[in-house]
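Structures are listed in the sections that come next.
Consider the two complexes below, in which subunit A is the common component and subunit B and subunit C are the respective partners.
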Partner chain A sequence: MTDAEIIALINISLTEEFELKMEDLKPEALLFDDLELDSLDIVDMVVVLESAFQFKIREEESIRQIRTLGDIHNFVINKKNALLN
Partner chain B sequence: MTAEKNTPNRPTGGCLLTTVMNLTVIPLILMWTVLGIMLFPLIFVPWKIITRWNADRIMRQFVWLYGRGWVGIMAPFVRFRRNGFKTEKIKPPCILVVNHSSFFDTYCMALLPFSDVTFAIRAWPFKMFWYRPFMRLARYLNVESMEWTQISNTAATIISKGGALLFFPEGHRSRNGKLQRFYSGAFKLAIETGAKIVPLCLTGTDELLPPGRWWLKPARVNLQALAPVDPRAYRGPDAHRTMRRAVKNLMAQSLALQRHPNGTGHPGEPPAESRSDSIRPVNRPYPVS
Partner chain C sequence: MRRVVITGLGAVSPLGSGAAQLLEALCQGRNGITRVPHLAGIGGLRSQVAGLVQAIDPQKIPRKYRRSMSPMSIYAILACQEALTQAELTPAHCASGQMGVAIGSTVGSPQATQGFFEDFLRSRSLDRMKSTLFFKIMNHSCAANIAQALEITGRVLAPSSACSTSCQAIGYGYEMIACGKQDFMLCGGADEFHPLTAATFDIMNAASFRFNERPQQTPRPFDRDRDGVVCAEGSGVLLLESLEAARKRQATILGEIIGFATLSDPTHIAHPDAAAIERCMRAALQDGGVAPEAIDYVNAHATATEQGDIAECEAIHRIFGENTPVSSFKGHLGHALAASGALELAAVVGMLNRTCLIPTLNLENVDPRCAQIRHVRQVANANLNTVIKNNFALGGVNSSLVLRRYEDD
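The block that comes next holds the complex of A and B.
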C-alpha cells in the first residue's frame, strides 16, 4: 500500500465515520478546531484506524501528540513502515 | 414581541403571557427541584421496602416523576403532545435516540410512556452538583468518562433486564434547528446488544428555550416516536454506520414533515390525523419513510 493509498483510506474512513466533507480534509486541518471532532470522537477514530489498517494503536504513546489530519497520516504511514521492517 | 397564530412551534402568546410564564414557571421549577431533592431521601426507604426495587430503578422512576411534575408546571404555557408510541408498539428493551435542541429536552422525556430509562450523557451534566448524586444513583452512563467496554457491558445488562437506554446522538444542542452529526455510540450498542433503535423526534423545545436564551417562551412540544429500527438488518464492519445514516435520514424526514407539513417552507399545524390535544398517543401521525 503506497503512502497516497494510505492517506486516501484514512480520509475515506474518517468521512464515513464522522460525516466529514472530503474537501475539508486538508493535512493542516486541526482535528478539534477545524474538523470539530471532540474527545468522544478520538476513541472512535482509534477504532476506525485499527479496523481500516488491521493494527493496534490504542496503547501507542505517540497518538497523544496528534493534532492535525496530517499528523494522523504520518502516524499511520510510520506505523505501517515500522510493521514492514 | 407579538403573538403568531397558526404556527405551532412559535410562541402562542405575546409579551404579557411570556412575562407571566417566566415569573411563575421559573420559581415553581426551582421550588419543585428543591422539594424533590429534600423529599427523595424520605421517600426512598419506604419505597425500597415496599417495592424491593434496586436503588437505581427507584431513582430512575423518581426522575421520571420529577419530569412529570415539570410537565405539569409547564402545561399552562406549553402544549405537550406525544405521538406514535401506541401505533408503533414502542416498549423496552430498546435504545431511544432523540434529536437535541434545548436544555429542557431531557425533562421532556417524562412524556415517555415508560419510566425505567437510563440516560447516556456527556460529562458536563454531572457537573450540576444538585443533580449529580441522583444521576449517579440512577446509574446514568457518562459516555465521556467511562471506558467503552464498561459502557458496552452496562448497556448489555440494562437491555437484558428489559430496560431502555436513551441517547442524544448529536451530543450537543442544535443551534440552527437542523440535525447535526450523529455520534456512533447508540448504534454500536444496538448492533452489539441486538436492541432495536427507536428514533424520537422532539419539536418545540427550541422555541421554549433554545441555546443562548435565558428566558422561556410558550411553545407546542411534540414527541414523535418513529417505527423501531432493527439492528439485525445491518451486518458487516460498517453496520453501525449504515444504521446511523438510516436512522438519521428517518428523523430528518420526520422533523421536516413536522416543521413544514404542507411543503410550504413555513411551519404549520401537523396533519389532521396527527392532532392531539394531550400527550395521549394517537394513530400513526406521520409517514416515517
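The block that comes next holds the complex of A and C.
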C-alpha cells in the first residue's frame, strides 16, 4: 500500500466507525477537541485499525502519544513500513 | 405518603411511535403483528410471527450516547424523550437530583450478545470486541443509557422480571415518589426482539404458530382458538411526579397512581395460579384503599396462553364478579415483555382521558372457561374513574397497579 492508500483507508475506517465527516479529517485535527472522540472511542479505534490493517498495535507504547489524526496516519505508516522490513 | 400523578407518556411499539398514536391505533383495532421471514429458517422454531418496531430514527440520538445503546435502549430513550416533552420537563429537572429512572428489560441486549459470541466462538479471540459491548449487554443497559443521555442525576433502578418488569418499575417509582425520595421518575420497560424470546415460549408450547399465514389474527387473548403468545418489542414509559411538584409547576395531570402490589407466586416457576393472581390484585386494591366495587375496568395481562388467560379470568371473577369490563391489549400489540406493562398502561391512561373502552382484539369466540367475566368486545364510551392493571411474569412474579382519573380535591 502506498502512504496515500493507507491514509485513505484510515480515514474511511474512522468515518464509518465514528460517523465523522470526511471534510473534518484534516491531519492537524485533534482527536478529542476537534473530532470529539473520547477514551472509549480510542479503544475502539485501535480495534478498527487492527482489523483494517491486520496488525496488532494495542500494546505499543507510542500509541499513547497520538493526539491528532496526522499522528494516526504517521503511526500506521511507520508500523506498516516496520512490518515490511 | 405523597400522592403520585402521571404527567407524561412515551411509547415506541409495533403500532408506531408516540403514545397518542398508540391509543389511536388501539381504538381503530389495528394489529401490529407481522410474519417475520427469517424466523422460518430457524430449526425447531414454530412461531414465525412477531410485533416489530418500524420506522424509527436512531440518528436523532447523538452518537456519543447511541454507541452504547442496543435497540432496546434506543426505543427506551425515544419513549423517555416523548414523556419528558409531554410533561414539559427540562434538562434542569433531569439534572436536579430529583429525577430518577426505573426502567428495565427482560435481559441485556440479546442482539449484542449474539454478535459478540458469533465472533468469539468462531475466532476464540477478543480482538474485535468493542469497548461499548458491555453497556449493551448489562442488565441495567436501558436505565443507565437513559440516565447518561438525559443527564439524569437521581436514582437509577433497573427492575428485571420479564413480563412484570415495567409494571414493577412503575410501582417502584410510585413508591419512591410517595416516600419523598424523588420528585420525578421515568418509569417503564423496553425489550428488543430476538428469536430466543419466541423460542422461550415456543419450547413451552406457549407461542402462537397456527396463524403464521394470518399474522393479523394473532394473538387471541381469551379466544377459544388462541394458540399462545406473540412476542413483540418496543418501550413504554410513564413520567411519574409528586402531586405537589406537578401542582407547583402547573403541569397537566393525566392520571394518578394510587395502589401497587407485586407478589411472588412460588407454586410453579412457569404456571400462573389464580389464587396468587387474586392475592396480588387484592393487595393492590388494599394499597390504594379501594374496594373492588370501585374498579371500573380491568386491563388484563392476558397473553393468549390457555393457562394464563383462564387463571386470570378466574381471579378477576372472584374479586370483581361478572360485570366489570375487562380487556387485554395483547391482541393489538403482541407481548412486548418488559415493555408490555408500560405500553398498556400508557393506553389505559389515554382511555381514562378519552372516556372510552378498548376491546380485546381477535376475541371472536370467548373460551367457555373465560366466559365468567365481562369482556369488552367493541369500542365503547365509558366514564372510567378507577382501574386496575395486571402483569404477570414467568418466574412467578405477579404485579398490579391501581390508577384513577385525577381529580383536583
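Going forward, the second predicted complex is superposed on the first by the 85 of 85 C-alpha atoms of A that agree within 3 Å, B and C clash if a C-alpha of one lies under 4 Å from a C-alpha of the other, contacts with A are read in each partner's own complex, and residues count from 1 in each chain.
Just so we're on the same page, contacts are C-beta pairs under 8 Å (C-beta built on N, C-alpha and C of every residue); 3 or more make two chains touch, one makes a residue touch a chain.
Computed from a predicted structure; not experimentally measured.
When the two complexes are overlaid on subunit A, subunit B and subunit C occupy overlapping space and clash. Of the two partner chains placed by the overlay, subunit B and subunit C both lie in contact with A:V43. Within the superposed three-chain model, A:E16 lies in touch with subunit B and out of touch with subunit C [touch as defined at top].
In the superposed model, A:S62 makes contact with neither subunit B nor subunit C.
Using the contact criterion defined above for the overlaid structures, shared-chain residue A:S51 touches subunit B and also reaches subunit C.
In the superposition on chain A, A:N78 makes contact with neither subunit B nor subunit C. In this superposition on chain A, the options for subunit C are 37-45, 217-225, 289-297 or 343-351, and subunit B clashes with just 343-351. In the superposition on chain A, the residues of subunit A contacting both subunit B and subunit C are 18-19, 38, 40-41, 43-44, 51. On the side of subunit B, the complex with subunit A involves touching residues 122, 143-144, 148, 171, 181-185, 237-238, 241. Residues 16-19, 38-41, 43-44, 51 of subunit A are the ones touching subunit B in the complex. Of all residues in subunit C, only 63-64, 67, 127-132 touch subunit A in the complex they form.
Those residues of subunit A that touch subunit C in the shared complex are 18-19, 36, 38, 40-41, 43-44, 47, 50-51, 56.
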